[in-house]
Amino acid sequence: MYHYQKSLPYKIFTILNYVLLTVTAFLCILPLIHILAVSFSGSAAATANLVGLWPVDFTLDAYEKTIGNENFLRSLWNSFFRVVLGTAISMGLMLCAAYPLSKSDQVFRGRKIYMWFFVFTMLFHGGLVPTYMVVTKLGLTDTIWALVLPSAVSSFNLILLVNFFRTSVPKSLEEAALMDGANHFTIFLRIYLPISVPAIATISLFTMVFHWNSWFDGMIYMSDVKHYPLSTFLQTIIVQQDFTKMSVDAETLKNLSERTVKSAQIFIAALPMLIVYPFVQKFFVKGIVLGAEKE
Amino acid sequence: MKMIGGRKLFKKLLASMTGMIMAIGMLAGCTDKEPTSSNSTSQSKDGNQLVTITTARTLKDDTKFRQGEDVNNNPVTRWAEKELGIKLKTLWTAPNDEQYYNKIRLALSSGQELPDVFMVSDGLLINDLIRSGKVMSVDKAIEQYASPRLKEIFNKFPEAFYPATVDGNRYGIPRFSGGNGSDSLLWIRKDWLDKLGLQPPKTIEDLEKIMDAFVNQDPDGNGKKDTIGLTLASKNGLATWLADGSFVFGAYGNYVPSSWSKGEDGSLVYGSVQPSIKKGLAKLREWYEKGYLDKEIGILDEQTAIKSFVAGKSGIIAAPPWGAGWPIADAIKNNPGAIVEPYPLPSGSDGKIGRRGEGLTVGMFLFNKNFKHMDKFFEYWDAIYSYIFNDSRYFKYGLFEGYDYVMKDGQPVYDPNQIPRGKIDPGKYFLTTDIPTVPYMLYNLAEELYTTKRKPKNAYEYTKIVSQGEPYMKAATIVNQQNQYRIENEFSGPPTKTMQKRGEFLTKMERETFANIIYGRVPLSEFDNFVEKWEGSGGQEITKEVNEWYRSVKGEK
Amino acid sequence: MQTEIDLQERIVTVKTKKRWNLKGSWQLHAMLLPAIVVVFIFQYIPMFGLVMAFQDYEPWLGFLNSSWVGLEHFKTMFEYEDARQVIWNTLVISILKIIFNLAVPLTFALLLNEVYVMKFKRTVQTIVYLPHFLSWVILGGILIDMLSPEGGIVNSILTSLFRIEPIFFLGDNDWFRTVVVVTDVWKECGFNTIVFLAAITSINPALYEAAIVDGANRWQQTIYITLPSMLPIIIVVGTLSLGNILNAGFDQILNLYNPLVYKTGDIIDTYVYRVGLLNGDFSYATAVGLFKSVISFILVVTGYRLAYKYANYKIF
């Protein structure tokens, strides 16, 4: 313990600090608790907005309905599939690309051009219609590839990986391998990948979250509700509908009032990420590297 | 999700990479693929010609299927195949309207083949589809193939065709709404009225007295001044389908906001800029100040506004008859002892009454220009309409036994609890995504059933009316009896040229001005400035264009 | 010692350069190929669609046959009555967001760094990241409830603490931007906090030890050691967020705004969205999007250059 930690002002600061952080943390977890409380409440109370942070008229109805909803379960499975395949492809492509891009400009001529090739896509997009045309012309609609390929390379994540390689892999190791006659592929597989666990874990999580949450592509590329990933499915029930141009019947409306079911679905949908996240989180501090000193 | 083989995919990627053919193909503008297997006729098992009709539709979460059945395999598709020789094939589905239109628009924009038959309600999209030349005129087909009674309905509601009428040609068949199905009436907390010794309102003045009492005399008896008089939604405009405020304006003139209705000279005028709207706004402003309205009214849309009523903090809401099921039922559930009764709309000082009238159509069915089987389509159409006309060869007691009714001892039973595996509404499997309707028919029937107390004749009458309960039938009767006060939006065409250019600005200005007037943030006279600015910033041109459209669809020169 | 490492590295670089240039560089190109192909097909080919911005794109005519209108759409944007207001709102909101999304996570990281109970530290770190997982559609509904002047939790607390009238946060032009910025920081501060924490942990402990010997207290250490050491990373994060200067957060605003706060809350994206609803026009939206991209691109490139030149920092 350093001596400044024993001083009175620092002790006061420490107490205040803990209080402040606790309050902040509480504020951040508030909406989740609220969603959870609504999902366990009676539906009339939920519509009337009587539920705060504790369930009113406690019931498991919403969860029974959610579990019983075939479409929900199927979309949950679709999402799992998408996340696994999508993350695998993304990570494969990006790791392979990050390795050469992490070399210095002297070692790898053309690095700069390649880098800007990727960065450019961070800011310029062709837009919805042309992208849709490309995907349809390739015949990818209604297949998983329409969801995992177009977004496979994220330039931002690529930059994070490049920076990690650049700063965290000891050059001496690389040099030693080189002396032994290893080529780039071997160095990449034997030296870079094993050292990069924090970055791989972190970026994988980002990619997983991205795939788990994207809904728009699912909506436009899937022709059957059965193929919808979870977030697309959720979007259809969360977004309020405009009834000005709709024939309304009692049954539709009853479903509408089921705020509790929506909450249950939102919570179940958030759950996998909430479970995975704390495990990966310990890698975050090491895994996210933004920028490096100029060589 | 099906997967294409990795090798096939790789080849495809390679091909597109090397040639960049695709990019060129795209620039050349949408090379169409072969039409998707429409118009094909094949032999059915018993030797008859089987006609395939392709479609796309919304498939909402409330459309339930029996185990093992789906949108392409259910009693309706089997019935159509067996009885009519039609194979209905749904190419794709979307879970709600917004996504459905998105997909149609994308298909149109990227040169995809359209289904044979599909419904669109967005005026602009209908217009774009017609102008693209990819959908066909239905004038001849109606003449040739529609049954006499279908023609009769079509002739009875000619304005239902306006959304898809261009240059005097009709390009679509209307999917009718209930006509007055989502028109509003007042739902009032009867227990509050009784407690405070008040009579139901006949006039706006009465209503004000009631609201005042609801706000100041603690109707819920909790000792706090925490109740409001009237629940209104305003975020999406003041004339709307739930928590509707249109009756306040209707009490002072023949116009409701955001709606085109006939002016004194018979031409269409824009409701929001009429002098009577100022009177309505003045009232709302006064009511807001006195605390009759929700403090948050400016940010409340239809579905958030109702929470004050459901929570038992508000005494009055203007909602359609179906409100009985939601949100009224929830209000009763939350507030033990609450009694909510439907009442007719109150009149203004000179006896005027008016309400927003729902449009006649929910959407238009359009047909791919390559579709060859309009005869079959109309056969199907007439067959499903026969159900609500009660003279169906196929659906006597209901649609499909075991789905919406069962036979017990030679008698139809509609009670859901008596149907094995529960009741399912097969009407949702129709192309119309629900049992088809004719405007005003439902509430006419409801009024008849309510006043004569006769027994329902088929599953339709039972499910859609009787099983909805007494308050619903009473409310439907009241709405039906106030039909003469409907103020309908008569403009059902695509946004006009000036609307496309200036419409966003004008709407924004209108919403902003109205909200600020109600909140007392600007003087009431700001309304006059708004009208002037509206006229000057394109409103006049828009009025001209709207009337040009109106004359053209009516067939006038 | 520092120079020694530098020297070693330089030798290694020179050596590697010699060796790899001779035989290995095809391998580097090969490793990039798959990603290049995917990006080319799904990102670059669709960019042909940007020609729409200069056309009156009619869906059924395609890109070749639609009529050309030149800069018409760009002109329309600036001739729009409220263009000034909308652009101003966008800039104010996004700049405030950029500043606070730097300042708050930075403060937060510094505070977290003073926590020595590891479990507590990790728990807090986990929790502040949670709102990120919820979309604005969901959060929008919850926020409207929480901020309600009638029984909303925030107003309940404020009125009981300060005895003030309830504030209509979402309907008041004086408050709306504050709400937008605060809730955005609240939702997204987790990520930057982690970035900054990483930077703090990589500061050489020897620097602090030296300062302690000189008698510096913790505050002085923060001012004279921690912050200067973090300057480069702050610049990097700032530069990258410049790319968002014309994105004030479409999803967020769409779910929170209403006619009462158009004056302060309406932004470019919500405006384009409303226009699109009315005329289903892909051309106009594309033109506005392109305009935004160009501005962002210029800013990011400038930022990159400046960071490289003055802070000795290489972002990518």
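In order of appearance the chains are A, B and C, and numbering begins at 1 in each one.
To be clear about the criterion, contacts are C-beta pairs under 8 Å (C-beta built on N, C-alpha and C of every residue); 3 or more make two chains touch, one makes a residue touch a chain.
Here's who's who by UniProt: A, C = Putative aldouronate transport system permease protein; B = Putative aldouronate transport system substrate-binding protein.
Owing to the predicted nature of the structure, the values given are computational and were not obtained by experimental measurement.
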*Based on CA centres, what chain would you say lies at the far end from chain C?*
B
*Would you indicate which pair of chains has the most C-beta pairs in contact?*
A-C
*How many angstrom lie between the CA centroids of chain A and chain C, rounded to a whole number?*
16
*Whole-Å distance, chain B centre to chain C centre, using C-alpha means?*
40
*How far is the middle of chain A from the middle of chain B, if each middle is the mean of its Cα atoms, in Å?*
37
*Overlap residues in chain C, where contacts from two or more other chains coincide*: 41, 45, 48, 59, 282
*asked:* If I count partner chains per residue in chain B, which residues reach a count of at least 2?
replied: 13, 16, 22, 26, 109-111, 122
*What are the residue numbers in chain A that touch two or more other chains?*
49, 128-130, 133-134, 138, 239
*What does chain B use to touch chain C in their complex?*
13, 16-17, 20, 22-23, 26-30, 105, 108-111, 122, 124-125, 128, 131-134, 234-235, 294-296, 298-299, 304, 495, 499-501, 503-505, 507-508, 511-512, 514-516, 519, 537
*For chain C, which residues are in contact with chain A within the complex?*
8-9, 12-13, 15-17, 19-21, 23-25, 27-29, 31-32, 34-36, 38-39, 41-50, 52, 59, 108, 111-112, 114-115, 120, 122-131, 133-135, 137-139, 142, 145-146, 153, 186, 194-195, 197-198, 201, 212, 217-218, 232-233, 236-237, 240, 243, 282, 285-286, 289-290, 293, 296-297, 300, 307-308, 312-316
_Partner chain A, residues of chain B touching it in the complex_ = 1-4, 9, 12-13, 16, 22, 25-26, 59-62, 91-99, 102-103, 106, 109-112, 121-122, 177-178, 181-182, 236, 240-242, 301-303, 306-307, 310-312, 320, 322, 325-327, 330-331, 333-334, 359, 362-363, 425, 434, 437, 464, 468
_Which stretch or stretches of chain A touch chain C in the complex?_
2-5, 7, 9-10, 13-14, 17-18, 20-22, 24-25, 27-32, 34-35, 49, 52, 92-94, 96-97, 99-101, 103-104, 106-110, 114-115, 117-131, 133-135, 138, 149-153, 156, 158-159, 162-163, 171-172, 174-175, 178, 183-185, 188, 209, 213, 235, 238-239, 266, 270, 273-274, 277-278, 281-282, 284-286, 288-295
*asked:* Quick check on the complex: what are the chain A residues that touch chain B?
replied: 42-45, 47-50, 69, 71, 78, 81, 128-130, 132-134, 136-140, 142-145, 219-220, 222-225, 227-228, 233, 236-237, 239-257
